[in-house]
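Consider the two complexes below, in which chain A is the common component and chain B and chain C are the respective partners.
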Partner chain A sequence: MVHLSSFLLKKYHSGYVVIRLAMAGHKQANRPFYRIVAAYNKRSRDGKYIEQLGTFDPLPNIYNEKLVSFNFDRIKYWIGCGAHPTKPVAKLLGLSGFFPLHPMTVTEAERRRAQAKLAETTAGTEDSQEEENRAGV
Partner chain B sequence: MAALGTARCLFRSFSRVKDVQRGKKTLLRCGVRTFCSETNDAKPRFRDPAVQDILGRITGLDLQKVFRPIKQELKPPTYKLMTDEQLQQAVELAKEEARKQLQMPPVLPERKPIDDVLVVDKILDGMDTAKYVFTDITYNIPHRERFIVVREPDGTLRKANWEERDRLVQVYFPRQGRKLTPHLLFKEENLKTVFSQDRHEDVLDLCLVQFDPDSSDYIRVHEATYEDLEKNGKYDLLRSTRHFGGMAWYLLNARRVDGLIVDMLRRELLQDAISLVSLFHMVHPHSQSAQEAASQQASGTDLLKIYAQNESQKSGYIELALQAYEEKGAEGSAA
Partner chain C sequence: MFRVISGRSVQAARLLAPRNAVLVEAVRGRKSRTDPVAKSKVGRIKVPPPVDPVEMLVLKERYSEYELIMRALRLEFKEEVLRKKYEEETGSQAEERARQEEEEHRALINWNDEENLRMLKARILRVQKEEEEAERKKMEAAIQREQQLEESIRLREKEILQLQEEAKNFITLENLDQRIEDALDNPKNYNFAVDKEGKVVKRTVLQ
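And then the complex of A and B:
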């Protein structure tokens, strides 16, 4: 990882800038909501950030959509200043089409498909076993 | 019965939203950009200055109706001592204000649906159970040019369609008075109830706030309102409001202006009727009455007579009303 933000930014800071998800903390249990944020690396996850660049709502709404918002103009600026996106932010940007697809997204999709197929085959064998039992009895 | 009750308490809860500049803003946003390429059109459009002039004149300027009491923050009234000149100036100012408030919302054709697929990634099939909707939050771009894309669970990346776009723009850039799900008032049954209560103006105001002028819902609600008004002949409800021009334009394009002309003659607005007929000739230059009028270079009540003879179904009534008006004029000049 080449950390260039301390050279490219006007104010000197010994750390580097990251674009990451910060929990928006509305003090409600079991209801996460993330802000996509440009912050210094060593700051706490929900602490003081430099700028908010978007939001991410991980729970689907009534139309079965997960809403993500990006301020692409400012994201381009921060990437130009040497900020690094974290893995989940890179995945979201890849899904949106702004970045190329993240390899882990593809791997996750393949894993899910394999899981689904496994569940199907086990269900299939269980069904056939049940039929045999019923036929036998 | 339950529907009636809910409809009644639903539309009693809203307040009329006064937003004068919205018509201009939406016009600039959708009208100018999409239509600046069509210059040489034989048929006059809604936005032509001549058409707008005539429609503005027949809308009328009833100050009492424009500035009637609406739901507002309660303030104690102010009293001013004025001379006659100052009073006149204040009335002029009020007329300017009323003219601004009577600005007509744009009439646009229905927008074409968006179905643009950007990428099809078969390798992402089954990545998640929900769709991901990505919106661009950049502040300076107009809402029509914003990027709103949807990644489906089967991997396709497509542009969001118009309903999704409207909803998401309202989520991230909320507009005063607009709701995420449209008011239940806009359903067919509830519209009928409201029309029976003569609240067409309120429906049209709500519709203007909620929908974009070229969305299918806006056009549907407006057409339903105009049809109901025309069926019952209640044109006076919209007179001196910003929706009168739109109604007149709709009736002109459908060639069903007879009811409106009859209503105008009944209220002795002869000039309005004449300007309406001249507008009809502008919009339908190939009709029989338009060609006759052009050949005879008619003006004034002759225009009305030509129109009554050629185009209208209620010609008898129009001619009777014209005769009555002329008789009154003769009596007045004699006495």
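And then the complex of A and C:
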């Protein structure tokens, strides 16, 4: 895989390309905003990248949506050239349908559901206990 | 544990800080290998988060499927990239495009040659005209010079003639006696006036 990527990428670079999230411009603002970016592995997170492939806004908007954008054509090209996506990028792509769903997404969802059910049952038993006490009293 | 930060991002925040305070931020790994453990952490045993074996099994299955699909996708995309590259270089459109480019190139070169010829002709005509102009100017200058020369010669001849004319009335050694006697015989009276119209008035107050 490594030699193939060097064959397709024109400049020789002893490192590999990653597709990752880079924080974009709004410094000191308590307002993160990520760019989905193809960059060399050893570059700093916000440093010079090869190409921007999309955006991700982690804070939900007024309709309670988190907005993501992808340039699927170029993502295909870079994955074909041997780029590796990071975990959050893989998760987002899985949610979008371009990749299969990441196992951790499913596992997290199951865990959360189990937690919610546990909370419900405990609340239910507490209520029923209260009712019994009141009835008993 | 704390690291000093300074820079453009910090200038604004420093306006309210005291003059010689240093701005620090938290950073991991202040302690080196040989530093002793902190008092609050003396009996601490670090324990990894607990793992549910059932969930782990399920997760492993899911991961293996996921990676299988990912590998397949990667190969697909690689193939697509290679195919596109191949098409680009040696595909059906490539020859036509190359031919068209060559035709364009030849047409442009021809046009350039024609332009050069045209410019050449124009330039030759212009240069000829300029040469003729220069010739004409030179001729005119020569004629002018000759005319001036003639003018000056004529002037000088006129002067010489005038001088010759005047020479007849000169007083020479031979005429000296004669002229003295003539002058003494004819006394001239310059005692006259001229009024505004230019008329000579011979009658003066003395007479």
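One rule holds in what follows: the second predicted complex is superposed on the first by the 120 of 137 C-alpha atoms of A that agree within 3 Å, B and C clash if a C-alpha of one lies under 4 Å from a C-alpha of the other, contacts with A are read in each partner's own complex, and residues count from 1 in each chain.
Here is the rule we use: a residue touches a chain if its C-beta (ideal position, glycine included) is under 8 Å from a C-beta of that chain, and two chains touch if they have at least 3 such contacts.
Quantities reported herein were computed from a predicted structural model and do not represent experimental measurements.
**Q** With chain A superposed, do chain B and chain C clash or fit?
**A** fit
**Q** In the superposed arrangement, does chain B or chain C reach more residues of chain A?
**A** B
**Q** For A:Ile50, select first, second, both or neither according to whether it touches chain B, chain C, the two together, or no partner.
**A** After superposing on A, A:Ile50 lies clear of both chain B and chain C.
**Q** May I ask you to decide whether A:Phe99 touches chain B, chain C, both, or neither, giving the answer as first, second, both or neither?
**A** Once the two structures are laid over each other on A, A:Phe99 reaches chain C alone.
**Q** For A:Ile79, is the partner it touches chain B (first), chain C (second), both, or none of the two (neither)?
**A** second
**Q** Check whether A:Ala24 is in contact with chain B, with chain C, with both or with neither, and answer first, second, both or neither.
**A** The answer is neither, since A:Ala24 touches no partner chain.
**Q** Go through the superposed model and pick first if A:Arg112 touches only chain B, second if only chain C, both, or neither.
**A** Once the two structures are laid over each other on A, A:Arg112 reaches chain B alone.
**Q** In the overlaid three-chain picture, find the nearest pair of C-alpha atoms across chain B and chain C and give that distance in Å.
**A** 12
**Q** Shared contact residues on chain A for chain B and chain C?
**A** Comparing the two interfaces on chain A, one with chain B and one with chain C, the shared residues are 101, 106.
**Q** Give the list of chain B residues in touch with chain A in this complex.
**A** Listed in rising order, the residues of chain B that touch chain A are 118-119, 121, 123-140, 147, 149-151, 155, 157, 164, 168, 171-172.
**Q** Provide the residue numbers of chain A that touch chain C in the complex, in ascending order.
**A** Interface residues on chain A, with respect to chain C: 4, 8, 27-28, 76-77, 79-82, 99-103, 106-107.
**Q** Okay, in this complex, where on chain C does chain A touch?
**A** Spelled out, the residues of chain C in touch with chain A are 9, 13, 55, 58-59, 62-63, 65-66, 69-70, 73-74, 77-82, 85.
**Q** Using the touch definition up top, name the residues of chain A that touch chain B in the complex.
**A** Those residues of chain A that touch chain B are 54, 60, 63-74, 92, 95-97, 101, 105-106, 108-110, 112-113, 116.
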